[in-house]
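Sharing a structure, written as structure tokens. Questions coming.
All chains are identified by letter, namely A, B, C, D, E, F and G, in their written order; residue positions are counted from 1 within each chain.
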Amino acid sequence: MEYIFIIIGAIFVNNIVLAQFLGICPYIGVSGKVSTSVGMSGAVMFVMTLATIVTYLIFNFILIPLDITYLQTISYILVIASLVQMVEIILKKVSPALYQALGIFLPLMTTNCAILGVAILTVQNEYNLLQGVVFAIANAIGFGLAIILFAGIREQLDLVDVPKGMKGAPAALVVAGIMALAFMGFAGLV
Amino acid sequence: MNKVKIIIRGIIKENPVFVLLLGLCPVLGVTTSAYNGFGMGLATAFVLLMSNLVVSLIKNFIPNKVRIPSFIVIIASFVTIVQLVMEAFLPDLFDALGLFIPLIVVNCLVLGRSEAFASKNDTFSAVTDGLAMGMGFTMALTALGALREILGSYSIFGYSFVEGDGMLVFVLAPGAFIGLGYLTAIFLKIIGER
Amino acid sequence: MAKKESTFANMVLTLLMVTAIAAFTLSMIYNVTKEPIERGRYERKQAAISFVVPEFDELKTRFFMPADGRDSLEFNFAYKDGELVGVAVETYTMMGFSGYISAMVGFYPDGTIYDVVHLQHEETPGLGDKIQKDVSDWSDQFQGFDPSEKTLKVRQDQGDVDGITAATITARAYCDAINRAYLTLMKNLDQIDMSLEE
Amino acid sequence: MEKRLENIEHPGVVEDIRNKNVLVRINSRTACGDCKSKSYCGLQDVKDKIIEIETHKTGNYKIGQNVIVTLKQSLGYKAILIGYLVPLVILLFALITMLAVTGDEPLSALVAVLLMVPYYAMVYVKRHKLRRTFNFHIKQ
Amino acid sequence: MNEIVLYSVLSIGSLGTLMALVLYIVAQRFKVIEDPRIDQVEDKLPGANCGGCGYAGCRNFAEEIVKAGTLEGFNCPPGGSEVLSEVASVLGLEAEEQESMVAVVLCSGSRQVAPPKTRFEGLNTCEFAHSLYAGLSGCPYGCLGEGDCVVSCNFDAMCMDENTGLPVIIEEKCVACGACVKACPRNIIELRKKGKKSRRIFVSCINREKGGVARKNCKVACIGCGRCVKECKFEAITLENNLAYIDFNKCTLCRKCPQECPTSAIHEINFPPRKPKEKKENKTAEA
Amino acid sequence: MKTFKTGGVHPPEKKFSENQPIEVLPLPETVSIPLSQHLGAPAVPVINKGDKVKTGQLIAKGESFISANIHSSVTGTVTKIDDVIDASGYRKKAVIIKVEEDQWDESIDTSDTLKKDCDLTSEDIVKKVNQMGIVGMGGAAFPSHVKLSVPKGKKAEYLLINGAECEPYLTSDHRLMLEKGEELMVGITIKMKALGVNKSVIGIEKNKPDAIEYLCELAKEYEGITVEPLKVKYPQGGEKQLIKALVNREVPSGKLPIEVGCIVHNVGTTFAVYEAVQKNKPLIERVVTVTGINIEKPSNLLARIGTPVSAIIEAAGGIPSNTGKVVSGGPMMGKALSNFEAPVTKGTSGILVFPKEASQRVTQLNCIRCAKCVNTCPMTLEPYLLALLSDKKRYEMCENNMIMDCIECGSCHYVCPSGRPLLDNIRVGKAKVGQVIRERK
Amino acid sequence: MSLLTVSGSPHVHADDSVRKIMYGVIISLVPAMLVSFYFFGLGALIITLTAVVSCLVFEFLIQKYLIKGPVTIWDGSAIITGVLLAFNVPSNLPLWIVVVGSFVAIGMGKMTFGGLGKNPFNPALVGRVFMMISFPVQMTTWPKPIPLSTQLTDVVTGPTALAVIKDGVGRGEKVSQLLPKVPEYTDLFIGNMGGSLGEVSAIALILGGLYMLLRKIITWHIPVSFIGSVFIFTGIMWLVNPEIYIDPVFHLITGGLMLGAIYMATDMVTSPMTPAGMLIFGVGCGILTVVIRVFGAYPEGVSFAILIMNAFVPIIDRSFKPKRFGEEVKNG
């Protein structure tokens, strides 16, 4: 039950993009095509989970015992940055073809605040490892949901002529706003 | 480049929020009031300024390949400094900004500026640039914070001017997006990009 | 552009240097700020305590487990000239609109509430944040509230507390938190003097 | 059905031609041609990727030419699946079982993460098969 | 020194080392060294991403020009020779002087001289109109007046003249990117040399019908009479398929031919007024 | 009632001329016979300026496989071979003949007698059809001999005769069926022979009960020929829709009818084949419906190819003063004329005159996504989407959404409450995609 | 003779227009409007008028001065937005809030994207949800119906039937204890209950819906799948535990379900294009409505459900293409 609450909470009620404001840059920047957004969500899911596991270990088994939790930010960012790159290297090493396919399918995965944010939130919410992992995956799904829906709408808006003043980012932000408005309906589910 | 030009560019032509759309998470996340926006803006500006300064000072000692990680470390250090100092001396603001302070690290604006500008220019320009971008960022955050506060709580910097609760939406998540959306449109219109 | 070659050795060395210097600086600053941070925390808590109990000159702290709930409550017994003048209880609830809410509740030794102040909440600004003293005087109604005579529930639940308009959930949760403190206080009343002897 | 599926397209520049392969450098930035923030994007070192495309018409291309690399959309999804989702499932599965059995968090986490090694090793073994699966095409 | 300092330095230091390791491997794998000059060149470019150079945006142009190492065959229409010379200085090359060009509309079939014989309804694009019928006036070569070219211009350098129904090029804004040339389904727009003091002489018609037929639809059509060809001392004018064409590389702007044209199909713009016989004002000269 | 399943519309029928017997139009003073009246390569003239030609004489030869011969429709002198202005205002090569008399080529049997038996072989029939310049008279003017030569590896099962005449206003096929029923039947048997099929179905919309009854009666005497009444629904006469309705087969996307064993011919084409094979008569005249709300005398006229449209309208009482639009063909698929002197060609099935009020399109608003176009499209495409994609020049997406399957029936535009120029947009898109596909090959 | 017109085919057009569709919807809204006037009196009338007029005015101002394009306020869509917005608020809502709501509906919900046909979200619902979240107090103070009253002030207020049940169940009371506190089902059906002014009368709304069906303005897919799925899901829950979950009929005739399913989910601009897509859309709306009603913080979830599903429309449209002619060859 607790896990279900975590999942529903992260996907719908406190959607990472629409309620927590994390990962807005890719949300606005990489949502041109639906297919790309789908792929992006898959990739984010993996990296986010991995990052959460590793940062969880670092926090609970290095920072806390040594009483240097104030180094959370700097250590997380170092870990996440190297992790993202490590995944890239491994993929490239393991199967160049696979790596290339991902390469033209996805824009680059960069360290975005969604990953760091989720890692920090896992600590803040005092989750245990499994809860943290579930939380990470659910957040990635929430990210995916938001970005895929958004990409769909943007594809549609691309075809109709939005007024000049609102074209691009302003209209995208208003759409995001209305989506956030709609998602408020999930308030109180957990 | 002319220093005045750098500053004007940072505030208007390449306003990091309205024009470049960088680092939007904190922009949306903390601007429930003008004060919070202002505080976050200053915090980011400080990190930006300091990291630009340090990066431009040590740029010649860093091998190309570890440029970015070094910058990240430098930025992360300043962020942590801000975090510690703010927690010590401005605990209320610290509570309000919460998660978004550590997230300054990944704010593309900060990294981008160190990377693209500070690592290539002399210290003085780098500092000016950091200042300009920081000012642009702070301005935008304060503006959005003010908008949301005015509509959402009928007050500005905490001074309430009309009785009543305000339009709650603007304090909540949707209001952030909507407010930023229209502010961006207006800003672009004013500076003649549209 | 960087003027240096990127060899393995100097890459490791540079990063090591940068991180070491960073870590060193940070730890220095941490050492400097640690104290004000902790003092800040302490002072805020003291402020909250002195807000919710009558004037005192001595404070003793004990922890008690509530009947339900996940964590123990912190009881601060306030003495003035050796006499118990009030108890400040740091209490919490999970029933808030956004879950966790914590508050400091002050009781007279007889169990009547002196005052309540919130410590931490994530309720919606404009709705649930009316529990904050600086936002609304809603929580003033608890001053002098005697839970043994009145019911610590909102009116909708047949209690004696006025709800917050459109934020009943928060109000209900706040009552729950106060009630938790009250019940725990009552349950452990007999042990209090004894435990404080040591 | 085949027809309806879209292709993913990515512009790139022919980097090199080696016997039957055309190497195309796809540059994430050409895709962001009109993005104002491009010079602020971080992590430049990995901005470019090289795609190797097997074609019998290498003669049609010359170094420096602008081309468009295409890949069937379904293959893009497949890549995500193999690259990210399957390992994620393995990771999760391992984590949950280990936690259930041992209850030791660091151990379970380590095992789960280390399980990635045999998984990717397996992918490595199959790399030639994958090579044949991911069929790139080149246009223009 | 206390423990915290020690632990901090140790843990973060080791993480940093780890990262250096990772990056070292990355560096081995991703050996794409971007030429820093690309950035510098790109900085100099106007950043309009108009595609006028024939490349996919300014960045792409910069990459190509750096790779080629020569300016030959590269041209940035919006930037003109100024930009090219700046680029040249980045690359340490000499920029050859490129004469700037401007778009010119080769049709003067205004509503007045080529009165409409039909009404057109439906999708208001020249492309569609072209596929449907010959045009309002019946001239199968003339401007359709639906403004595809105006829409295609990224520099606000074109507008429709409500009065004549023809597009007008705003000379100062036109950067000769050629987008309008591509957009026009009838190939009415040509990029011509801007000319000294922006003076140009050209045949403002592309109708290849026989004179009589052409005149029936449009009073100012070129009827292919050949008088201008005879008049031109520089062999700048050629006549093919009942149509005269003035080669802007050969034309010396001597102003002889316009007077000869019986239908005023030859336009001269930005010249001072002639003393004797005042010529009809030219639409394309407006700015 | 047989019909195709999805989509379709039912515009008001307005068949004003359905009871007017076919009349012979008097010869005009000059005719201009375009060299390209069919799909495929233009024919190459075989006469010269100043030559005297007889009615029915070959004047231009279709030299490639997909092309058609052209014959003189009158007797007279060739005044020039030059560009004439065609229906859309563009110039097209044509042979212009000054009419002098009406002397038919000797080989042609001009009598009215019905000649039932045909002892030509299948190849000879096709050859004859080719020689006589027969092209499809149902609209596309596709050379008929091509359709009659079944490609190797394919097998024809059905010959479907298109008597649907689903377009409002038009009645030429209707009258032809009533007046030349016997000849049609013979034409069908000839084509069945040419194709080697033993089944033929004539599909006729239910709004022509007299034709259905008459042909049913006649069909009893011919083995393998049946008549099917069809629901009145546009575009019942569309080739793919007709096949779906009559034999319940769907022609796969991008494929020809032969893929599902069908050949579709129009009744006019069938009559022309009869005349060509049995009477040796080339395709030099056709039935043209002249009609319109304000037309004095809506009629069905037998006109020589090359007659100016103005002469035809004149014969129907002249052009009304408030005319706003003249269309060649039906109101749904026809082409608006910008020039009355354009000649009648082998594909001209009708001339439609609209008064001014009826010639303006409804005001255009934004698409309201009402999905009417989607539900109406007989090819189950998404016209609104195709139009948008084409407008935004996203041609690849157009192709993925099967823009090339559009039969340009116009139903989508007809129903759109917002008056979107859907088909206009789709046409542009189709042209572009077609170009891309050709380049790819 | 004057100029001949040249245009592409077809040359005839069906006798149908956006205006006809929109005014058809307005006509079909009349019964519900009358019922609301009957039960909520002058207040309902004033709110409706205010909403319609301000929608028209804002649309006019924006089209004329901001977009600087053609002004199309009389195409009827803004009137519908106004009426439906009014239908979605309590009859004693302060008028300035109605004006703000109209501004949000037209300005943010519709004109931001370019006006009729381009908006991804239902404008009236954007306005409604905006008000709901901004002014929770005013938006949830429901007057009790008083037939034919002309009073404007001092109306008696009380919670809606849905809120009564939800609150009660939340406190742990049993459904059977709560049922006496809500009006009779027949009253609920004809609209004699507190609530937003247009949503109360299921019968009037169904009547209007039938009219639109007859005139082919809407198809059955969305209303039926929406209402059907609500019925089924609440039915299942009811069967599982009738003391926590109230019966499905109650769900159908209370709250904004009918209004939402018949008028707001069917808005063609913001709903899918193909029958299959519409069914999915309707079922999605239904499920979300039930989830929010039963488990969420709000007693009513129709508006949120439809808005959320609006966001899914482009994805649904992509995934449910019509089966193309000739796609699947089955010969015989």
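What we mean here is this: a contact is a pair of C-beta atoms (placed from the backbone, for glycine too) under 8 Å apart; a residue touches a chain by one contact, two chains touch by 3 or more.
All values derive from a computational prediction rather than experimental measurement.
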item	value
Most distant chain from subunit A, judged by the mean position of its C-alpha atoms	F
Furthest chain, CA centroid comparison against subunit C	F
Centre distance in Å when subunit A and subunit F are each reduced to the mean of their C-alpha atoms	60
Subunit C and subunit D: spacing of chain centres that average the CA atoms, whole Å	50
Inter-centroid spacing, subunit G versus subunit A (mean Cα positions, whole Å)	33
Subunit A: positions in contact with at least two other chains	29, 68, 70-71, 74, 78, 81-82, 85, 88, 93, 111, 160, 165-166, 171, 174, 177-178, 181, 184, 187-188
Per-residue multi-chain contacts in subunit C, two or more chains	1, 6, 11, 14-15, 18-19, 22-23, 26-27, 30, 97, 127, 169
Set of subunit E residues in contact with two or more other chains	4, 8, 11-12, 15-16, 19-20, 23-24, 26-27, 117-118, 121-123, 128, 132-133
Touch list for subunit D against partner subunit A, complex	6, 8, 10, 26, 28, 31, 35, 41-43, 46-47, 49-52, 69, 71, 73, 75-85, 87-88, 91-92, 95-96, 99, 105-106, 108-110, 112-113, 116, 120-121, 123-124, 126-127, 130-131, 133-134, 136
Interfacial residue positions of subunit A with respect to subunit E in the complex	62-63, 66-68, 71, 74-75, 78-79, 81-82, 85-86, 88-89, 92-93
Subunit G-facing residues of subunit A, complex	34, 148-150, 152-153, 155-157, 160-163, 165-166, 171, 174-175, 177-179, 181-189
In the complex with subunit D, residue positions of subunit A that touch it	29, 35-36, 38-39, 42-43, 45-47, 49-50, 53-54, 56-57, 60-61, 85, 88, 90-91, 93-108, 110-111, 128-130, 133, 137
Of all residues in subunit G, those that touch subunit C in their complex	136-137, 140, 167, 171, 297
